[in-house]
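Two complexes follow with chain A in common, the first pairing it with chain B and the second with chain C.
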Partner chain A sequence: MPADNETLRKQIIEAIASQHRPTVTVLSSLLAIQDAIGYIPNEAIEEVAVQQDTTVNAVFGVASFYPNFRFTPPNNHSIEVCWGPTCHLEGSSNILQAVLDYLDLKEEGDTQDGEFSFRFNTCLGACSQAPVISLNHELFGKISPDESIKLIKEIKSSEPKHI
Partner chain B sequence: MNFEELKDKADQEWNLLNDSPLPVIRVGTAMCGHASGAFRVIEELKSILSEKKIDAIIEEVGCLGLCYAEPLIDIKKQGQSRLFFNNVTTDSINTIVEEYLINNKIDTTSTLGYLGSEGPNFNEPDLNSLPGIALQERIALRNAGHTSPGDILQYIANGGYGGLHKALSSMEPSDVIDEVKNSGLRGRGGAAFPTGVKWSFLVGSSNPTKYILCNCEEGDPGAFNDKGILESDPHTLLEGLLIAGYATGASNGIVFIRHGHNGPINRTEEAIKQAKELGILGKNIFGSGFDFDIEVSLTGESYVAGEETALMEAVEGKRSMPRYRPPFPAAFGVWGKPSNINNVKSLSYTPEIVSKGAEWFSSIGVNKSTGTAIVCLSGDVNKPGLYEVPMGLTLKQVIDDLGGGMKEHQTLKLLQTGGPLGGVLGPDSTDIHIDFDEMRAAGAIFGSGGIIVGSNEVCAVDLTRILVAFCQFESCGKCFPCRLGMEHLLEIVERISNFESQDGDMDLMKSVGGTMEAGSLCGHGQLGFGPIRSAIPHFEKDFRSHIEDGICPTGSCNNPKIVPKNTRPYAQDFVVGVKND
Partner chain C sequence: MTEKINLTIDGKEIQAQPGSMIIQAAMDNGMYIPYLCYYPGMKPYGACRMCVVKAEAPTPDGSYRSLPGSPASCTTPISEGMRVETNTDELISLRKGIMELLISEHPHGCLNCHRIDLCGPTDVCLRHVTVNDRCVTCPKNERCELKDTVRYMEMELTTPLTYNNRHLPLEVKDPFWDMDMNLCIVCSRCVRACDEVRVDQAITLKERSGRSIIGTSKGISLLESGCEFCGACIDVCPTGAIVERDYKWDKAEVKTTTTCPHCPVGCQTSLDINKRNKLIRSIPVREAEANQGMTCFKGKFGLDYANNRNRIKTPLIKKNGELVEASWPEALDLVASKLSQFKGNSYSLISSDRGTNEDHFIAQKFTRQIMQSNNIDFSSNTNSEIFDNLSSMIGHSSATNTIWNLLKTDLFVIVSSNITEQHNVLGVPIKQAISKGSKAIIIDPRETELSRFADHWIKPNINTEHILIGGIIRSIIDQSLENHDFASKSCENFDEFRSSVWDFDLSRVSKETGVSQEEIQDLAKTISESTATSFLYSLDTISSEIKESTSTAIIDLALLTGNVENPGSGIYPLFTGPNEQGARDMGCVPNFGPGYSHISETGIGLGELDNACQTGDIKALHIIGNQASISSESGQKIKNALDKVEFLVVHESFENEFTAKADVVFPSSLFAEKDGTFTNLERRIHKVNPALGNKFDEDEDWRILCQLATRMGANNFNYSNSEEVFKELSPFLLSTNDINFQKISQSGQIYSVKRKLKFKPINISLNLNSISSDEFPMILTRGRILEESKSDAKIQLINDKNSITRNEIIELNSQDALNNNILEGDSIKIIGDNFELSGIAHLNGINSGIVSTTQLFGSIIEKVQEHKTEDPMLHFDQLNLIPVRIEKPE
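Let's look at the complex of A and B:
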């Protein structure tokens, strides 16, 4: 849920301050913010620029480079489908197609009903269990298109876990 | 506490655990366990145990290498061997508790084997007799699957930090470097550069702040061995980093991991915390006067961040784009300080090299490829896994003995090795040995250890397209030849796979590839043509059939497939609505 401006700024400042690793950078701050609120609003770009003594352009330059950052609030549940070579050989393109069809999407993005945010992933790191998908950051391996859709339907009724 | 006291304490606790009156249940929870449902099984197991009021010790351990058998669970009862159950589900765990834990009977067809000097519990085989275990010689992964990555004492009880203690108490830094040089250890990140020589570059600098960086970006599809080490036994990496720090006179270590890989991140950070508490990290380690600190640094999703200078940019919080060289990292690295970058695997060997000596390590392996190969086997084999085997095995042994052969009704068609920038080999390549130089000569690389096996149902053009799409997706955009060249190559390969190729496409690809090789700063652009270059000689027939006859021999190109394209903005962008004050 998008918070009002003041609350949002407070959350951002808290996220930046709560980093426990000794080295704090533009990138580490952006990752901390996305972990905390699920996306990088313009206010976050501004706050990081102030805290790191740099410009908003420089900060957005970093944020826009890494495809894991998003700039709008995410939907309730995250779906990622791996399309790396092993998963591709084991049939991930059928999963991609089935999931896109089910979500009524043409590419990466968010569903209209506010339920799902869908991303391609180049490698989820469990190639020995290919094909692999990630639902709310839980991995499911050796999975078929039908099973994927079944699991997606199941998480729809679970608690929102957008971060 | 000095090291001897620490070791005594660790040994005592380890013996107590092994002789515990409570059953010890170990569950594999590395990435492979996670993806096959190990965490759901643990949840179910805990609820069954509490419902039935059974006391047991549950330990989350790493990967034994037999990823195909995950979730892999073993139960050790007092005075008995560890009994392994493969492919456990939330249903079968109930049966295991009921039959084995409570009634001490079991249908042995559901067990994989036993491990331990007490012999079989029933008539199950010795786990060590399975080819997937018997062929392995584990050095970097010696504790994986056996000890809890979250308990530093279990690591110490199994000889951990003994190498560091030996180095600090009885060796000069130069002795350590000589030992690593003599072991013949070559970097396992892909370039296979001698690790000891690399370390010696850092020694000459008198700067008081020097960094040892450890690269676990591991964006390579098909490779999961770095993450496997961090999840299974993070302390072996920390010990390796400490040894490298002592040998080179470095003051700080940084472990660089991709954001989102929470297993490796959390276990490494927990390990750092425990090492600090025991004084193994920090000031005056083991009373030697040596100070060293380690922290974890995260990157966003970027394959190029695994390139050494791009990695330094990411540590500094910038876009992970490679730098011009010279100056080289040993002179001007992260934050402008002298730095040395090593792969997780390379560092994880060094504790054992220091403990057991260079001669021991160099006696394993073949020719100039000493030690072991940590193979990530995936694709169309029966038993994909994470196998640490002596260098010098043939690819045939990897596929047939470790991998359990091709899946039913399939024959071998291709092998993709060394990550997406590596190479593709044909079915006639199975006599090639895993040896850095032999594989390079064959037009592939061993690289970071990924071996993807493709069957006769795989179209070489289709696979090439995915590899090229990956390289396009991951181009950081700094160098024109790579940024535009990868897009151009993808366009051509897509044309071919859609049966719409134009005259001269094959030559055009070679020309684009040549420009990329000559004009790119880092390996991504220089090797970006690699997948196509190595695929063409082995699978010219596949390419010709698409181009000339409009036919895909396996039919897999007949239906259009989704290939993601990158939207990574190449230039610094402005945020709409944000003004720079």
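Let's look at the complex of A and C:
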């Protein structure tokens, strides 16, 4: 087995073990892993199956049910644009379109250059600041399409944040 | 018996079991509510909504309260006085709407077409349904539940022909079955059968809402996903989404229920025979009490050898060193005249473990009465040591309880048995019970499927199992945890037995077995605290010298804790041959006669046969159908001794190494051509029915023997059919009730036995003949499991079929590794007599002197699939212990 596979497994096992909650489930373990390494690799499915005493098929059944789990590593930076009702009223559709155009994407997804993972978000929980976007999990409120693109250009040159 | 609940369905007053759902109550009373996801025996699910009803329940003030909406009858429990309507106009239109949604993802042009029964695959279609979308091109056509349901509902032609084709690729790379998920209606019956019934979870429901579909984790092959290839998912699929690959499009002309010839569970299976008299499918019978709709890869996919035309078609006689075809009278005359010269102790007969009770009865009658010899045995009688003491200790040499009684067991004690492979269906209630909270203690050096379910998996030193169990008994007696009333009052010999256990000093037991004293005490506590314990043992890994003491210790432990015949408890000695129980009952053994009657002189059995042939004590040998046992150890020995035998008669269906050396070969019938009875491990008598009829000039073994006997002057071998033989043998089955041959149903009939419980003293008999030697100092224990999450199972495509290629991990003790100069991760080679295995060393704390490896079950399935026209048992690698040495390649 290659060495980085070993490291990955170690990270996964640590993530599963780090859950300080009364009941550890398949779902909570998957969430902990996605928080720790940003996606659910095959090794994660296997480790959760072993830890929860079930089969890989059952774990994958749970993981694939939730669109929020991703099975491939995310790109360097994450972009989320809120399209909840408040943001929508405050013009988030313009931001969405501007960001999609900038990233050359048609819908949610990862850019070819490996820089950005882009998702819609149904509510980022900051309606008073609408419209809101989240760049690498940092919120920016009362924002315009142009400002969004400017910020995205800025984070592109910053250190990659995998999660 | 609990009181039944009264309710009204469609104005008809019926009674039903409390706790059942409306749909069950209706079905039990012969009423039909359309359904697709419901399946008897599985938990209510409510996925398809096809079984919607209107229901109202009485309130305390006498009025009726309707249940909100239109509840699904498969998830709504019945209550007293309930009124249910299943066929109102509103419900019918609701159901049609639901069905339209369902078939909007299934090709349905034919489903609701009025011409469906008139069309052929190449006809011009008035509705322009493309050929690929027609029902006639679906493998499940004419046995499709979806089609039947749509037809029942009289759907109109209004739905558009277009449907949402999922465009999913067909999955045809795994052994035995094809999946076309474009036909799936996502009822999840297969997922539930795999999870709830078989407890495997080899398939799952992936994704959700519109994209939800059946599959494995990330689409991995079934070979590594934990599939045991039992075909339960195929049997429950209501559409053509999962089907058997072989004879996929063939239609059944005749269906005959018979007994599977592969193991002593005696699965009842319905064989589909096509119009060219080929066995095309095997579908386990849900109503049968022995298997309850279950079967395994052998019973589902391992019967195709009955179609193999490469058979022995006529009698063969050896002339000038070559076998040439002969007529029946010629061959029978020759054998009759020859055998007359060998009457007495120089004659021996080995009956087949697949013989019917009738075959066994006539075989022993022929040997004892005509040939005046007691040299009779059956081919799988290699484990007789574990049966020798059953009669004296529990009154009869058979299991003390039924297979499905295991569902009620709280604790399983399983000693050296590979149940999920050897007696697969027996493993089903065990796995179900464990998944519902029962515990299991596995005593086995090998990793088997059940050891993954175990709470305690004990790996004692090789051949010390009896000492370990003795230690557990001692610990129970020391702590006064035994069921004293039962042991002293219901069983004989308790005091003598109790004084025999003082030898089993725990520190000594711990030293000999390598199991710590605390663990032994813990096991003693677990076993004595359990209210219902079942003991299962086949002692595969134990040397024959100590098999008897091991089985004695196990039965003593069962008697001591009072676990014999109560619900959930029992003693299950396990054997391999499908009708070994019958062979013993019929006295087809050297040491007793039919009905376990005493005989004056014990004959030569299978164990001593090779020696007796070599020394010339046996001059004439008569072997009946032993295809499957040739590869066994005793088969090998006998094969080497055949040259010394003066006259060899073989009854066989296929040519093999025995027929090659025979002087006369009689063509013998296969299981699907026989009419007779099998007795399974719970003493249940099952019917074996001639599903295929005679193909060539073969005959049943008992008929051949009768003809020989008549030619040799006997007049009491005139039977016109197997029913007459059964009539003669049935008094030997210790039965209080008469068993009518014609009326044996698919549930079979258990004959009762008298119990007599008696302890037998045990002693520490060390096995001094170690199975390892100077040349091969280590012992290899091989395990086999369904799925190994963390191993590197690589699936490669070979000839468009999935195939497992991986580096086996070989576990060995760190100290042994040091002595052999082996480091973690080194490639090493394990070499035994006729055995070689390469792999990667993994050092851990397993017992010194042991190397261990665990294969994937898929590797066996690949082999069986590769040789599918042959008997699967020929390619089934038993997990014996092998003496080996370790080598490190340069």
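Note that in this section the second predicted complex is superposed on the first by the 160 of 163 C-alpha atoms of A that agree within 3 Å, B and C clash if a C-alpha of one lies under 4 Å from a C-alpha of the other, contacts with A are read in each partner's own complex, and residues count from 1 in each chain.
Here is the rule we go by: a residue touches a chain if its C-beta (ideal position, glycine included) is under 8 Å from a C-beta of that chain, and two chains touch if they have at least 3 such contacts.
These numbers come from a predicted model, not from an experiment.
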Partner chain(s) touched by A:H88 [first = chain B, second = chain C, both, neither]: first
Partner chain in contact with A:S64 - chain B first, chain C second, else both or neither: both
First, second, both or neither for A:A17, with chain B first and chain C second: neither
Set intersection of chain A contacts, chain C complex versus chain B complex: 42, 45-46, 49, 55-58, 60-61, 64-65
In the complex with chain A, residue positions of chain C that touch it: 195, 200-208, 216-218, 220, 225-226, 787, 789-790, 792
Contacting residues of chain A [partner chain C, same complex]: 1, 42, 45-47, 49-50, 54-61, 64-65, 71
List of chain B residues in touch with chain A within their complex: 31-32, 34-37, 39, 67-68, 70, 218-224, 227, 259-262, 295-303, 314-320, 376-380, 384-386, 416, 420, 450, 452, 454, 458, 462-463, 466-467, 470, 473-474, 476, 561-564, 566-569, 572-575, 577-580
Contact footprint of chain B on chain A as seen in their complex: 21-23, 25-31, 42, 45-46, 49, 52, 55-58, 60-62, 64-69, 82-90, 93, 96-97, 100, 107-108, 120, 122-130, 132, 137-142
